[in-house]
Every structure is written in C-alpha cells, then in structure tokens.
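Just so it is clear, A, B, C, D and E label the chains in written order, and each chain counts residues from 1 on its own.
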Amino acid sequence: MAEPASQAASAPQSPSLTATGLGLAYGGRAVFQDLALTLQGGEITCLLGPSGVGKSSLLRLIAGLGASGAVGQVSAGDGQPLVGRVAFMDQRDLLLPWLNVLGNVTLGQRLRGQPIDAERALAMLRAVGLAEVAGLWPAALSGGMRQRAALARTLMEDRPFVLMDEPFSQLDALTRTMVQDLAGRLLGGRTVLLVTHDPWEALKLGHTVLVLAGNPARLGPPLRPPGPPPRPPAEPGLLALYRVLLQRLGQAPAP
Amino acid sequence: MIAAARVAVIAGGLLLGWQALVGLLDLPHYILPSPTRVLRAGWERLPLLLGHAGVTLLEIVLGLLLGTLLGALAALAMVRRAVLRRWLLPVVVLSQAIPVFALAPILVLWLGYGLASKVAMAVLIIFFPVTASFYDGLRRTELGWLDLARTMTAGTRRQRWAELRHIRLPAALPALGSGLRIAAAVAPIGAVVGEWVGSSAGLGYLMLHANARLQIDLMFAALLLLGLIAVALYFAVDRMVRRLVPWQAEQALP
Amino acid sequence: TDRLTLILDWFVNPDHATLLVAKEMGFFAAAGLDVELIAPADPNDPPKLVAAGKADLAISYQPQLHIQVDQGLPLKRIATLVSTPLNSLVVLRDGPIASLADLKGRRIGYSVGGFEEALLAALLAKAGLKSSDVTLVNVNFSLSPALLSGQVDAVIGAFRNFELNQLDIEKRPGRAFYVEEEGVPAYDELIVVANGARLADPRLRRFVDAMERGAQYLVNRPAESWTLFIKGRKELDDELNRRAFRDTLPRFAHSPAALDNRRYQRFAEFLKQQGLIRNVRPVADYAVELE
Amino acid sequence: MIAAARVAVIAGGLLLGWQALVGLLDLPHYILPSPTRVLRAGWERLPLLLGHAGVTLLEIVLGLLLGTLLGALAALAMVRRAVLRRWLLPVVVLSQAIPVFALAPILVLWLGYGLASKVAMAVLIIFFPVTASFYDGLRRTELGWLDLARTMTAGTRRQRWAELRHIRLPAALPALGSGLRIAAAVAPIGAVVGEWVGSSAGLGYLMLHANARLQIDLMFAALLLLGLIAVALYFAVDRMVRRLVPWQAEQALP
Amino acid sequence: MAEPASQAASAPQSPSLTATGLGLAYGGRAVFQDLALTLQGGEITCLLGPSGVGKSSLLRLIAGLGASGAVGQVSAGDGQPLVGRVAFMDQRDLLLPWLNVLGNVTLGQRLRGQPIDAERALAMLRAVGLAEVAGLWPAALSGGMRQRAALARTLMEDRPFVLMDEPFSQLDALTRTMVQDLAGRLLGGRTVLLVTHDPWEALKLGHTVLVLAGNPARLGPPLRPPGPPPRPPAEPGLLALYRVLLQRLGQAPAP
C-alpha cells in the first residue's frame, strides 16, 4: 500500500501541550473540575475512561471548542498560540453530505482557500483503503468507511497537535490494525491525544496512557508502557498494565 | 411522457369538475363561466392572450430571478452580521404588509410606468419566502460541522466567510429549495399585482380590462393561461431544486 | 319593514348623498324598507351580484349597463341617481394642454373602468386625432397623483366633482374637458339597477319613491343634508368631500324614476359605433320606469 | 426590555429615514407624506383607526389559524396519499395564481359580504407557505428513522399513521416553523386583500378609501398601524415557533 | 444492578431463520450475490467481516429493509411470516432528538399505540447505566451513552428475532462487558444475528460465528466455538479459532 507523503515527515518534533484548570458543568452537575494535563511533545497520549465520563468534552475543550459552562487554559510548550495548529477528529464522522469522499478529505484546504492537493488526498485515501470510493457521496459508504474517510481528512490536516476521538471504533480487527499502523507512522513527531475505549489499543499506540474516571472525573497518574510504540500485543509486561487500566477504569461505575 | 399524460389528465379533471360546479350550482356565466365558454373565448382571442402572456412571463422571470437573488443576499447578510439581523428583519417583515396601492405611486414616480415598476412590485412579493426559508436554513446548520470548520480555519482570516461558503450555504440549500418553490408559486400573482401598479399590457392588465367590460370568459381564459404558466413554472423550479441537492436521497413516499 | 340590500358602486362618497339622506331622514323606513348599503372594493362586482340574485339592487353606471346587458346580464335600470355625466378628461391648468388637439403624442392615464377608451376615442375624434396619437396608461387607483407628479399629461375617467377639487386643494388647479361637450352623448352617470326578473317586487317602487324624497330634501336643504351625510361617518368629514358634495348637488336626479328613452337609445348607438356593444336593443330591454 | 428598546430604536430610525427621504427627494405629500404628517393624521383619527384595526386583526387571526390548519392538513394529506400528492399539488399551486378580483364575486356569492369571504381570501394567501414548507419537511425525514419505525410497526395496521404521527411530523416541525413564519408575515396583507372582496370596515378598506379620496396621510397612518401589527405578529409567531422545537440547539450566530 | 423483567424470559425458544438468494448490487457492482444463511433457532450468530464488505446491508435485507437493487427470500423456521417479529438495531444510534431518553426507549410501544411500560423501560435504562439521564434529550448524551440508549430501545422490543449491527462499538471495555452480559441474558432463547468487528466478542457471545469476506462477498463455513456462550476469554481453544477468524477476515482486502 502506498504511503501518502507527509509534508511534516521531516519536520521538527512538535512542542508539548499543557492544559490547566479545565472544568465543565451542566446544570450544576460538574462533569470535571480543575483538571490539569500535559501532553508530551511529539508523543502519543491515549485517553481511556468509562462511557460518559467526559473524554470527548475534554478533547473539545483542548481543541478550543468550549461549550457554555466550560473553563480552562490551554497553552503550547513553545509559547506560541495554539490557534490554527490543532487538527481535531470528532467522535462522529461529520462528513459533509454534499461533498464526495475526495472533497471531504480535502475540506481543510477548501475552507482555507488553499490549492487542493488531490494527489496527496488520493494517496491518503488509498492508504485507508478508500481509493475506489473517492468519487462516491458519503451516504454510499458503510459506517467503517465513513470513519476511515474522517480519519483521512484529519491526517490531511498535517498539524503539530492532533486530537482524535475514538478514531477506530467502527473498524474490524484487520482494517483497524492497518489503519492504526498508518496513523502511528503519519503521527510520528506530533503531539497527539487519542481517545479510545480499547485498553489494548492504548497500550499499543500510546507513549503515555491516561485514565479519566470518577464523578466528577479525575485523571489518574500517567502510565508509561515500556518501549516505543507501536508495540506488538505479545510484548511482556503489557498484560500487567492492561490489568491496571481495567482496575482504574472500574474505579467509578458509569453514570 | 407519464408526467405529460398526468398533467393532461389533471387538466381534464379540473375542467370537468369546473363544468360540474357551474352546472350543479347553476352559476351564471358572468360569475363563473363554463370551461367550454372560456376555452372558446381563449381560442378566439389566442393571439391577444399570447401577446399579453409574453409580457407577464417576462415580468415573472425577471421578478423571480431578481427576487431570488435579493432574497438570498438578504438571508446571507442577516446570517453574517448580527446588526443586520436585528435591524433588517423587522424592516423586511414590514415590507410584506404594504399593499400595492400604497406603494404604486412611489414606484411609478421613481421607476415610471415601464417594466421596472412591475418587476419591483413582483420582487417585493417574491423575495420574502426566499429570504425567510434560506435564513432559517442557514441558522440551522449542524453544530458539529461548524466546529469542524472552526478548527480547520482557526487563525486564518477567512474563518467566517469559509464557514458560510463551504458549510452553512450548502447545508441550507434544501431550505433554499423550499423557499424557491414558494417563490415560484407566488411569482405569477406577483407579476399580476405588479401590473396593477399601472400598465398597458400583460395578463393582469388584460384581466382587469376584461373584468370591467364584463368579458368574464376572456378574463377566465387569461386566468387559465396564467395558471398554466404558474404550474409549469412551479414544476420547472421544483425539478431545478432537486438538482440543487443531488446528494439528498429521494424518499419513497406511499 | 322589508329588508333591501343595495350594493354601492364604490365606497360611500358624496355621489351617494341622495341615498344617505333618505336613509338618515327615515324616508326608507317610512316606506317600510330597511335598506342595507354595502360598499364593494371593485365597482364591477355589484351588477354581477344583483344579476346572480345575491343582492336586490346595485349602483352602476349607464355605460356599464349597456355593456352588461350586451354580455347577457339580466339587469334593468329602475332609477337614476346622478343624471349627468361626471366623467371627464382632466389636465393641469398650468400644463401643456390647452385644447384637446394638444393631446397628440401625450400620455393619458386612466383607471380601468371599461369604457374610458371609447370616451377618449370620441374626444380625440372631435379634435381630429386618432387613438394611436396618444399613449394610454392604466394608472389604476391614482389618477390625481399620476397627473400631479407629471407621470401622465392627462387623465380620462376623472370625476369632475372629485378630481378637480383634489387638484385645487393641492394648489395645482386642473382643467376639465366635459365629455358631453366633446362629442359624447349625454348619459346618466349613476343609476340603480335591479334584476330584470324581479321587477314586480313592490319594494322597488317604494325604494325609488323614498329616493325621490331624499333628492328633494337634498336640493332644499343642502346644509342639513351635509350634516346627515357625515353623521356617523367621521372619516368623510374633510375639505375634499365638502367641496365634492357642493359640486354634486346640482347633478342628482330630481325625479329618479323618470326614464328618457331617447337618451338611452342614443347612447347605445354611440357605444355600438365605438364597438363596445354588439347590438343596439330596445331600451325597454334594460331600462324601465317602474309602475 | 432590551427587545422593546430595540423596537423603539428601529421605529425611530425608520421614521427618521422616512422623513429624510421625503425631505431629500422632495416627495410631494400625496405620493409619500412626511411621518410627522402621518402621525398627526393618525393621532387625530386614532379611534377610527383603532376601530378598523380591530376588524383587520380579527381577520388576520382567523385567517392565520384557519390557514395554518388547512395548510398543515393539506401537507399531511399529500404525504400520506400519493393520489392526493399528484392531484392536489398542481391545484394548490394553481390557486396561488388567482387574483382577488376574479375570485371576489364567487366568494361573495357563496359567503356573502360578511367576515367569511374576507377570511376565505386571507386563508387562500396564508395557507400556501405552510403547505409548501411543511410538505417539504415531511418528505425529508431521515431514512434511518423511517426504517426503524417500519421494523417496529411491521405487521400492525397503524404503520403509516404511526410513522406520520411519531416520526415524520415531529421531524418536520422545524420546517413547519419556517412556513409559519412566512405565513405570519403575509397574514396582514392577506387580510387586507381579503377586504378588497368587499367590506365596510378594516384597515384595508380604510386605506382603499383614503387612497381614493387622496387622504394619503390617513392611508399611511393605517399602513403604519398595519405594519406594527405585522411586526408584532411575526415576532410573536417566531417565539412560539422556537417553543415548538425545544430540542433544537440555538446557534450562536455572529 | 437490577435486571429488567423480560416478558419472554420463560417463552419457548424462537424458531430458526433462513435466508436464501440474497443479493445486492450498486450500479452494476455486486456487493454480494446469491448468499444463503441460516440462523439456528434460539441461538446467537455473530457476523464478522472487513469494513465495507456488506454486513450492514445483509442485516437490513434480513430485517426486510431492502434497498433498490436488493433481492432475496427470508423465512422463519415455524412457517409463520417474519413480519412484526424482528427487532433491528442499526449501526447508527438513530435516537429521535425530540424524545428524551425514556421516550426513545419506549418508542416501539409509542409507535404501536400500546400502553407505555415506563417501569420496564426504566429498569432497562438502569441495566445499561442510563437511569440518571432518562429525562435528558439525546443531544446531551455522550456517544457511548447514545449507543446504550439504542441498545435499551432494541431490548425493549422483546421479539423472537433480533438483528444488531455493532451494538457495542462505542463502549469502553468495562461498560462493554457489563452490557454484553446483559444482552446475553436478555437475548437467551431468541434467534439473534449480531454484527461485530471484534473477533473476541464474537467468540465470547456467539453460538455460531460467520465471516463475510471477499468481493463479491461470500460467507465462510460456520464456526461453532465449543461450549455455550458467554465464554470467558481464557477458554482454551478460542485462540486457535481467533486465528482462523483473522485469517478468514484477511481473505480479501477491504475495498
């Protein structure tokens, strides 16, 4: 499978990202309060947590998409403003129904009025296995195909900070492995926060693994699996970490 | 072919119903003439009718084009600028309450008795449904798409414009389509009302005339022709609107 | 008392003074009639509704009656309200038109009534012009404004008792060319029509007699009549109506029931000649003097 | 409070603009009277105006209620029955092309000179935007929801009805809202046109009358009052419509 | 956690379901052709397959929601018509935005004009961990919460045939286990077809596991893991089956 060229492949490592005082409340009920979080520069941080605990909300806050009732400061390690340097992949695919798959993947360039790099977009689509459907409307795609299109769109953005919300949840085991590997390569050197509900996925892809749990939600201490990702599932010691993760996930029942 | 057959059947059915109405209720011909009478009158005066119909058709088309353009622009303006939304909307609503005879002298003073004043009057009637529907559509964009666009354009200077152009606008096309359909249906009456502003040609003028001369059959012949134009226009616009949103799945209705 | 519905030709205005005085003075009531006056928005509707049996009587115009009857409406004139023409061609006194011959190449406004073109054709013929020498523009509801703002150079269909006063009040006095002086046979501007099949109805003669009492009161007591006219109709109390009322007084038919057959015959022939009606029928077919 | 202040400012601004227009263009008062003149005329004839406004308001409210009801029913009928859709839609479109003077004698013949004929005319104008918008909304239901409803009701006899009542209808409420907004904006002119059918009361009657007698200041005073009613009605309906779809997130517009 | 009463808990085992001649084509390209499939009565059949292969389409066909270009016959083992006996859970949650969570869960009863069993619905919501949000609008739910609401709605339907399309894809490991167990219990005795992209899930829950793969897609021979489900992941022999599944999945690359 051809690898899409990444403009930042040889770019310097992305700076770290620090968020402090993050809080969110709905109608008096706090989802989380006064959270602090640091994403190591150039590393992938995976975020786990029970359903409904506030992972997506946290991601949106960091992406600068605050809701009413949300507070917090986010800053980049290089002191530059974060604005315009974040790529965000929502939990929903959010494909635009009036653009075909290729159009959706090049949406960022379209929006910014940049010349459209169809070649790179096609390479990206090829990498996620969607080259044949580049001309179809999103309505003609299966759930997993939509998710892969959204992933391709995010990777096209080529930004130092990447926030992804359950990007592989609708993929079968094989496709998932393929796409994980692709993402792992293309995200190398970037500062990534990846929400997932699969502890094995977190242990495979993350330099650091965080667990958000409790009510109001708190972040557990960062877990750093040994060795650089991607790690094969057979790696010794991962099973112990898996048990730790499960135990932390269970700290508070889902609401 | 099937559509044409259907239209023929509808037309036949309507004419039959009309004939039955006249017969059953014993309506005098100077209130509602029978279709045979109207068709005969129409056939005899066909060149006259077609001449006037041409004038009205021109007004309809111009009114529809300008009205759609103005309506769409007004909706876009209201979505982009809060100040316009607050101040323009009440004025736009107000404009819909002005009857033709209040406006006619002003229009004529500024635009004369030619085509312009009629088209202006038609535009006033046509643009509102477009504005209202399109504006509603532009406001109701899926929030997730807007967030997505915001992260993608953050820090650039074209943020608002890009959002409008690439997200809100295409998302509002179905709503614009609804507005266009209504506009197409009211465009003929818009042109006729425009002709009340003062005219010497057009189906509205002809109808006024025939009505005053008690040539009710001629008036209804003109009305029939106007109705034909209205229905043809509506279905033409309907078809165009469907093309506007090709990604929208056609629903199988019962 | 018997109810009787009468549809006016237009909103209540001084042209209807006879009827209003008869109503306010109780002449209708004395004749055992409860007369309901209804204003339409379109002067073409009342005769149709009388013909269709929806109302007992309607106010219409003599020229319209000929056209209506020619189109097969079963109508008969039973009384006259205003017995001279009111219609006229009006220009601004300080305008470019001093004589009818000056109309050549001019724009003439009118409000579609059905026979303005015929009147104009007669007027133009008298001045040696043809219809194609002028441009006709339907200005619909606004004769005076169109003239005042210079959109047209003359208007046909203007009522001499109204438009002239309007122009006067606006300090731009006008000049009227009276149609009956310019080649159009004299006619009754406003008449009362009834359904031809219902002439035996005894209420009709009682109605016309009460009208006559109103007409007499009107000429005898103009000041009191004005007070009766605006009673309960405050919106009518303005300078224009006062003047129009004064100018209309001499034009009301003093003997509303009386019919001049020759006059109707003459006008029918004129309309035939103008191509507005197809046949000249016997006057008795559409105008009667009630027994 | 803020809304009231805003309306006051808009009104003031419009009046100032109007005054400026009259002054700058030197418009004669019989074409467009100055606002001071109009306000004076309005003040002097206030009881008269209010009396007529009451009549018109009644027609507006009745027309809007009936028009909305009829429009909604027509849309529902068209979605439920293909036969109605095919035959009713062209007739509905046709109905929009009929000018008042063609219909007036028929309406008067059937409904008399009372309130009924005026309301009928107003309804004819008001119901169409409701039908068109609502019908569009009813057609555009998310297919997934319809499939879901189909599996849930398969084999029962209420399938179509349940789909309409519980899925299509609520899903189309935003579209119905758009239609209602347009209907509210055209309702005042609908009532005024209704009064042309023949009447002796109402703002439309008063305006025609004042216009015919060149009491242009009184006509504009009536128009001003009508405009006030129109704007108030529009915003009242707008607020109601927002309540109709409480689940729809309000978008923060710029 | 309280178990919602299932009206069919003591009901006799559901009949089997047989589908034959299933075919689907879009614009000349066949997604699958002439497929045949039997779901054993009262058993859970799991369906795996690469993303975009046609799993959802197959499910919809069986549910009687054919698209244009779809053919096939489906019949129940008891000879009765299938109509009105199938519960279907789409890949998307399809919650109605104008009903609150409780309203959505009782949608079936609403649609059929039956009395609304709020008590059972609340028990069901409690079982999937959504009791607290029963009164919220769907827009206020997280992705996983929406999916659980849709699951509760499906289980409320209480039908002999249940078709579910990736019902647990958006849930974290712990919540997923909890909900899987719940579904396993409530679906006991019913004839179930469950699409999943997780081979372990299939091996845990399925009496039979099917793999749809290839282009046009074909069904592999049914795999019957030993012992009754639910099976603990440590069950010996499952790893071998897992390998078989992965291998079959990989028969054809995703389009």
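Just so it is clear, contacts are C-beta pairs under 8 Å (C-beta built on N, C-alpha and C of every residue); 3 or more make two chains touch, one makes a residue touch a chain.
Fair warning: this is a prediction, and the values are worked out from it, not measured in the lab.
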item: For chain D and chain E, chains touching each; value: none
item: Chains linked by the largest number of contacting C-beta pairs; value: B-D
item: Geometric centre distance via CA averages, chain D-chain A, whole Å; value: 50
item: Chain C and chain E: spacing of chain centres that average the CA atoms, whole Å; value: 83
item: Junction residues of chain B, two or more chains touched; value: 27, 31, 101, 105, 109, 208, 211, 248-249
item: Multi-chain contact sites of chain E, meaning residues that touch two or more partners; value: 92
item: Where chain C touches two or more other chains at once, by residue number; value: 42, 44, 48, 52, 141-142, 145, 149
item: Complete list of chain pairs which touch one another; value: A-B, A-E, B-C, B-D, C-D, D-E
item: Chain D residues touching chain B - in the complex, by the definition given at the top; value: 6-7, 10, 13-14, 27, 30-32, 79-82, 85-87, 90-91, 93-94, 96-99, 101-102, 105-106, 109, 128-129, 132-133, 136-137, 139-141, 143, 146, 160, 174-175, 177-178, 181-182, 185-186, 188-189, 192-193, 204, 207-208, 211, 219-220, 223, 226-227, 229-231, 234-235, 248-249, 251, 253-254
item: Chain A - residues contacting chain B, complex; value: 60, 63-65, 81, 83-88, 90, 92, 94, 96-98, 107-108, 110-113, 137, 139, 157
item: Residues on chain A engaged by chain E in the complex (per definition of touch); value: 26, 48-52, 54-56, 91-92, 129-130, 132-133, 140-145, 148, 166, 169-176, 178, 197-199, 246, 249-250, 253-255
item: Partner chain A, residues of chain B touching it in the complex; value: 142, 144-145, 147-156, 158, 162-163, 166-167, 170-171, 173, 245, 247-249
item: Parts of chain D lying in touch with chain C, wherever the complex brings them together; value: 28, 30-31, 45, 48, 101, 104-105, 108-109, 112-113, 195-200, 205-206, 208-215, 218
